[in-house]
Each structure stands twice: as structure tokens, then as C-alpha cells.
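What follows is a pair of complexes built around chain A, which joins chain B in one and chain C in the other.
Showing the complex of A and B:
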């Protein structure tokens, strides 16, 4: 009986490890580090994904957008907060992001925008021209962003064959077919 | 009076003392580009300031690494606007950046000159000067975003009489790969060393003495020019010019430049302001066979691991033309009668060659100059006569890297002056350079007027850059 219970507990404990997903590394040639690349499943045949109820958040702190790259599912509303003790503005010149402009607002205030189309949109602050971030508005909820060492983790991907794409703010993207069976590894190389 | 064995020993002693003192200085500081890329001076220089082939490509590329990537720049610049603003121009200011540290560099030169010359009475005059410091150069150079760059040099020089001169030797803005294929169309505007001399300017800077026969010949004279220019004389070619210049590299190996600049006299070799309403024109084209491409391209060539070596030949032609209308020079005839003279059309045509064979680099220039000289009445400025005079100047220099810290250099200069009654100027310059550290060097240099054995200098030089 003890052996049986231990076996059940072990099986339960290892479920997250064995859950489907794609992980690996992206090498970004010529960049100071390998961070900021978005890895995502381009399409899941026969399946659509309703927009999440929860909002995503992009903050402005010390004149930096955080995070620098934010992937979201199509239809997601993003809250842009301001943690700095001075005015910030948030806008995007990208048509697929409706060329939104949230105006200029002080610390503690947040303004939101809903991204309804697939898009890779720069997010800018007209008050501080050096500030820049990117919204990756994606067709599936299966995505991840690389860390500076290039590693990424796309979780909860059902088993199956998919086209997996990589997007980077400064480099040409890449894609490959990946057959997912549990935890599956896929590495990419991208360059200018 | 010749330099005695005692004098020589004394000089060697003081040089040795100097070397010991300065060798004790920490050599951790390096100039602006070394800081930006966190790389050694040796990346671009054989023995500074002489550029190796990579350094030449770096210079022609607007002081950027060939095929530069973000990871090569170790000192990240300060952003003056996000990349996305490019698409919004002219609705927004086009993005750029600037160096994160103030990009200054300092070059200091100490010199002991033992000089001998013969005065008008035939007596030998000897000086032995510690010129500590003889010259200090403050450089500022860097890039402003992906297209623009800048280069400035402020020089403070101590005169032998104890006074000093300060001059802005360079102050220019560069526009790199302005449009079209990369490297093909670049612009420079400001006070600059024209790319007319590209490829041999940095090489002659290797020696302490400049090539005066090429740059300071004074073509003004009653029967044409007789020698090198004093203050305010006309010059053969401007070492620096106030210029707008276009240059570029095509197909990795073809170099061209065209420029327009202020007239070359009477401000001396460093150019002048508004001598008249005219503008001079210059152009150059040349081709490099073998070795690294002028844009840093290494496709199809096998280069040795030692970055100062290669087997290549670079040959080119250059030309310069201008009009000295309304620029009056004072002259006298053999009887002392005063006149004015204008150089109404000066033309210079030259060929340049540089041959690398491993550790050896032989290079030289031959230049033919003509000057249409108008003799004018000293008071009324009425034209009295007009004649065209010509002169020829050439030099050849051989630099040899004995070992990376040691280089020897020999140069011969020959100037046939325009006045046929004056003998040609011939000079020999021999240099031995020791790179004590990557940014500290010592030189021993002998310069001799081959027409008169009493005219020579022996210089010991110490330079350091940080």
C-alpha cells in the first residue's frame, strides 16, 4: 500500500515536468545578448483562442518599458502603468496596433489598449524618445520570450505537429516544424 | 661644430632617463576608440599612428568596424531616439545616439632635438633642446548614430622661443554610407586632412618629420619658387583643408574622392580662411590589388595572422587645381625692387603607390606642379607679366616591421624647384621606432639635408596616448 501511494505521489509530482511544451535556445547573431526573441506556435489547426479576461501589464519605470518585449494573445488588453515620478506617454506608430496613443499621464495612473489584430508593434513614449518596447500580438497562447542566455520555454503545448516561429525586434525571424511529444526541444539561430 | 661623442653619450643618458621615467607610468589608459570597442591600439595600428590594413578600413568606414554588430561595441551609446522613430520621420526627429563617455583622447610628445645648420655667414649653428613637451594633441572622435561621425583635434605646440601655438587641426562631421550601396558614398565637411592623401598620410606620420617638400614648397618667386614656404607663403598642397568632400569604396578595392576647399594660400599648409572668393578642387582615384579590401572585405584572399602583414599593391592618381586671384604675395627681384605676385592657376598632378610585402611597406608619391604667376606692380597692382612655372617633387619611403615593437623607416625626398637657378632640395630621413607599450612609443630619427652635410637634425621622441 505504501509503495502504491508513493508511486501515485511520484506520478503526481512529475506531471508538470512531463507536461507538453517546447523549450530550447535561440542564438541571436551579432547582438550583445540572446534575450528578447519571441518563440511562438503560429497556428493550432481547428482551434481558436478566446481573448483572456486578465489584462497584461507593461510598466514604465526609470524611463524604461518593462518588460522590453511583451507577447500577448490577440484580443488581450494591455495596461500601461507609470511608476515614474514624472509624465510618460504611450503610443505606437504601427497600423496593426491602431496607431494608438494613450496620451500623457502621471505616476500611478494606468491607461489601456486592446490589441485586436496579430501584430508586432513598437511602443514608444513621445516624452522620452529613447524609450522603446515591443508588443508581440500572437494567434495562439503558446509563446515564450528568450532570456539573455537565449533559453526559452513555451508551456502547455498539446502534442502535435506545429510551425514554430521566432520573432526578434532587430533580426530576421525564423521558423521550423516541430513535432511536440511531451517536453520537446527546438533550437533556433537568427541573424540580421 | 659636430656632435661629439660626449654629447651623444649625454643625449643617450637623458633619453634613457626619460624612457625609464615614462616607462614607469601605468599604461592602462587607451584612446577613444580603444575604450569604445575595448580593444588594443594594435587592432588598427602598426605603431601608432600608422594604420594597418584593418585600421585603414575602419577609418574609411567612418570609424566603425567593418560589418559592425552590436556585440562589437562594448561601450553602449546613449540613445537619442528609439529605432521606430525612423519610420515616423519627418513627423518626429530621426533617431540617433551619442557616446556614453566623453570620447576624448590625449597624445603627448616629448622631444629632444639636436640640430645643426649653416647660417648665412657659413658658420655652423647647433642647438640641443629638450622640448618637453613639444606637442600635446587633444582628440575627440566617435559616431553619432548609424550614419554620422565626428573627428576633432586641438593641438597645443610649444615654440622654441618658449611661446606656444594652439590650433584646431581637425574639426569635421562625417556622413557614412549616406545612400546607395554600403561604403560607396560618404561625405566629410570641416577642417580636415583631405582623402587626397589617403593611404600615405598616416604612413608619413609614422616619422617625426613631415614631408615638407611635398606640402610646404612655396611656388611664389621672381623666377618661380625657390624653396620651402616661410610663414604666409604659398604652398604646394594643403596638409589640411577647409573642405566638403565625397569619397567612397566600390567593389571593395576601388577608392575615389572628390572635394572642394578654400584656396591653398597664403595660410600655410594648414589652410586658410577666405583668401579670395575662389574654391579649389581636388580628386583622386586608386585601386588596391591583393590584401584586405579597403572596406575590410577579406573574401577570396588569404591573410596572414599578423595583422600588419599582407601582400598588396595600391596605386592611384591624384589632382588638385585652384585659382589664387586677388591673393597677393610680396616679392622682390634680384635688385631688391618690390612687386606683388598672384598665382592665377595652380595645378598639381600626382601618382601614388604603396606596396606591402609581408613586413615591408614601400610607398611614395610623385607630383608635378604648375603655377601661372602674374607679376604685378607693387602699388597699382597693374599686371607686368605672366609666366607659367613648374616644379617636381617625389618621395619614397620604406617601413619595415623588424618585430611588432620595432620598426625602421627610411625616406628619400627630392624637390626640383621652379627657379632653375636654385639646386634641387634632397633630403634623407631615417627613423627607428620602439613601441614600449601599445600606447607609448620612442623614436630616434635622423634628418639630413643632402645638399649640405652641416644641415641635419637628430631627434629623440617620446609619445604616449591615453
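Showing the complex of A and C:
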């Protein structure tokens, strides 16, 4: 019985490691930490991805966009909420993001935009110039964002060979070919 | 360094301009005419009209003048704004931070325009800010975040020049259409905030269009928007209106319109006497001293015990006297 239970526990513990995906670390040279880099599969040959029905959310709280970097699949609608007791304005100057401008709105209100093109777009608030965030609109749903320690996890990637890219708001991107077989490790280094 | 020199030179220029000008008296004739309309009609229970002098500082003596739309003085009524919000007086900075900062150098450090020979006040945007906004947003407009928001950012957002400059700092070039759209949205939002209030800010619906115009021109100057000094306007308004602005814009934040008077302060330390009780319980000179210099409350525990009321030395005696007269002439309502 004990052996059986140990076996079950071992199986449960190892399932996440065996599930398909890419994980590793991104070293961001010259930055205070290694967070905020987007790691994503650039293309899955012969496969397209319909726009997700679920909306993504970017909140504004204490004059900070949360999250600071939000990766989404092309076609995703992002809800921009305002949790602050004052007005915020949300807009982007990027043409690939339709130069969207949601206007100025108060606490509790939510305004949305659907991102239909691949894009890396800054998101700004004209009322609070110190506020800035980034939308990464990506061609596949296989993406992850690095934590401050540089670690990332791109889940549920089918086995195969892919070009994996890294994008960072301030640093030059990077890419490499990765052959995914189950849980696969890939590390990156990026700099200015 | 050059910028600093520029600022100093501008400040000195303004300062000497203010000292050397006798613009109030140069407009005496205008004020006399406007004063007849402004003072006599409200006494007869008819909405009065005020006069506006519009001009570009520093040459405001040369500014053209015109009569602006009518407005009506109404009594202050209802609960204090703090009671409306359910916030205790001791737990809030609202209404009590007017002396926490000085106006920045880029804003006109104007003294009150004062009273003309005919009893009319000549109000600048800076005066309107002092009567309506300063006790919460401070003299520099920075407020006391997170309770009281700064108005600098929302005001700067109304300026295409500031938007372009801010975006340029980020390395972003915005096209004119986008810039103008953003500025226009911010302008609409700012006016709506003034009209409707916010989560904690009271609405200022009683301000006239011309008063809003003067006020916004001043806060633009406060926010450092280039060219704002040329948009300043001056309004000739009767004392009762000045009193109304001060009472509604500042005093009513903490004081109920009606209710117990000074006796409540004796019975319950920390309790705030109502506005209606002030002319009843104190003579005018006492109120002026209490407001501008502080004054011991009745039966103080210590000789220096002047209670919790902040000092409003930024107000002129004539303005406090106008508020007193307004409370007498327009008795507060429950």
C-alpha cells in the first residue's frame, strides 16, 4: 500500500515536469532585474489560432498599470480597468495597436480594445505621464513573461521544433531554435 | 541655470508689475458701472451680472473688459462635505492644508485683488483658486495624495504642448490629431470633474462659466503650461458672491450649514459649530480673527487652546467679512 501511495505521489509530482513546455531563464543585461521579458513561440507551422473568447485585463492601481507587460494572442480583447479614485486615460501611440485611445474615465469604469495585429505597443495615461505598460500581441498562444529572477514558463507547447523569441521593452530581442520534447529548457541572454 | 535665471526674472517682473500697477483704480469707472449691476440687483432679489476684465499678464491694465452672464447667489445648505462622505474631521486633510505649500514660481503669486472703491471685488483666477480649491489642493496644486489628488497632471493633460513635450521625453512623436484629441478629452474630463465632483471632491456647480474659465486659466499657470499667463482673466463680483464662494468652496467642507453653535464646542471638544450659528455667536471681527489668526475657543482648557480649526491666513479680512455678510444676508438652510 505504501509503495502504491508513493508511486501515486511521485507520478503527481512529476506530471508538470513531463508536460510539454519551454522553461528557463532570461538574463537581461544592465537592468535592475530580469523581469518583464516576453518569451514566445513565433510560429507553429500549419496552425492558426482563433481569437480567444475570454478577455485579458490590465488594471490601473496606485498610478501603475498592472501587469507592466501583458502578452496576449492576436485578436484578444483587453479590458482596461481603473481601480484608482481618480481619472485615468488609456492610449497607445502605436499604429499596429490602432493608436487606440479609450479616453479619460473614473474609478470602477472599464473600457476595452481588441488587438487585431501582431504588435508591441506601449500603453500610456496622458493624465499621469509616469504611467507606462506594454502590450505584446503575439501570433501564438504559447508565451510567458519572466519573473524578476529571469525564470519563465511557456506551457502546453506541443512537441516539435520552433523558433522561440524574446522581446523586452528596453532591450534588443533574441531568438533561437528550440526542439521541444516534453518539458524543454532554453535560456536566453539579451542586452541593449 | 539659464532656466532658473529665466524663472527668477519672470518672478521679479511679475512682482514689480504687481507693486507698480494701479490697475484697480484705472478700472474704477468700469467697476462703478459693473458694481451698480452687480450689487443692486441681488439686494433686490434679482440675479446680478458681474464684469470680467480679460487680459494678458503682465499688461493687464490694457485688457479689454466686458459684461458676463448672470448668476444667482443662493444660501449654503445641508450637511458638511465631510459628513456627506462619512469621514471624521480628525481623520482628514480636506479643508485644512491651504498653508502647507506656496504657489510655485511659475504661477502668479498674486495677493487678493481686494475691494474697489465701490465695494466690488476684482477676482483673478488665483483668487478663485484660493477661495475654492486651495484648502484641499494646497497652494501648489499638489494636494495630499492619496486622500486629495494633485490637479497638476490632469491640468497638464489638457495642453497639447505639454502632451507633445511629455511624449518627446519618451521618444514618442504623436501626430497633431492624436494630441488634440487627447487634450480635448482631458479638458472635458477636467470640466466634468469640476461640475460633478469626484469620489471625494465636492461638485462646484455653483461656479459660473466665466469663473470656471478664470479658474482653469490659473490652474494652467499653476501646472506650468506655456502661455497660460496670457489667458488670465479678472472678474468684478460683489461681496456677497465672494462670501458665497468662500463659504461653499471652503467652510462647508467641515461646517454643517445649520445646527448647534459655539456651545457645542464647549460641551463637546472637537465638535464643529454650524455656519448658521457664526453670525449669531460671534461678532464679525471675532470671526475674521478666528479664521485668519486662530482664536481660543470658549472656555479653553489651556490659554493657547484654539481648537482644531486650521488658520486661513491666505484669506483677506475683506473676504472673511464678505463671508460673514453672506451668512447674514443668505441664512443657511438645513
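One rule holds for everything that comes next: the second predicted complex is superposed on the first by the 175 of 192 C-alpha atoms of A that agree within 3 Å, B and C clash if a C-alpha of one lies under 4 Å from a C-alpha of the other, contacts with A are read in each partner's own complex, and residues count from 1 in each chain.
Quick note on the criterion: a residue touches a chain if its C-beta (ideal position, glycine included) is under 8 Å from a C-beta of that chain, and two chains touch if they have at least 3 such contacts.
Only a predicted model underlies this, so the values are computations on that prediction, with no experimental measurement involved.
> After the overlay on chain A, what do you see for chain B versus chain C, clash or fit?
Aligned on chain A, chain C clashes with chain B.
> Given the touch rule stated above, what does A:76 touch, chain B (first), chain C (second), both, or neither?
neither
> Is it chain B or chain C that touches the larger share of residues in chain A?
The partner that reaches more residues of chain A in the superposed model: C.
> For A:34, select first, second, both or neither according to whether it touches chain B, chain C, the two together, or no partner.
Neither partner.
> Of the partners chain B and chain C, which touch A:129 in the superposed model: first, second, both, neither?
both
> Please indicate which partner A:93 is in contact with in the superposed arrangement: first for chain B, second for chain C, both, or neither.
both
> For A:140, using the defined touch cut-off, is the partner it touches chain B, chain C, both, or neither? Pick first, second, both or neither.
After superposition on chain A, A:140 lies in contact with neither partner.
> Looking at 59-67, 167-175 or 257-265, which bit of chain C clashes with chain B?
167-175
> Find the residues of chain A that appear in the contact set with chain B and again in the contact set with chain C.
Common interface on chain A, chain B vs chain C: 93, 122, 124, 126, 129, 132.
> Taking the touch rule as given, give the residues of chain A at its contact with chain C in the complex, in rising order.
Touching chain C from chain A are residues 62, 85-87, 89, 91, 93, 99, 101, 103-107, 122, 124, 126-129, 132.
> Quick check on the complex: what are the chain A residues that touch chain B?
29-32, 93, 122, 124, 126, 129-132, 169-170, 192
> Along chain B, where are the residues that touch chain A in the complex?
Chain B residues touching chain A: 69-71, 76, 78-85, 87-88, 92-93, 95.
> Using the touch definition up top, name the residues of chain C that touch chain A in the complex.
Spelled out, the residues of chain C in touch with chain A are 146, 149, 153-154, 156-157, 163, 166-167, 169-170, 172-174, 178, 181-182, 185-186, 188-189, 193, 198-200.
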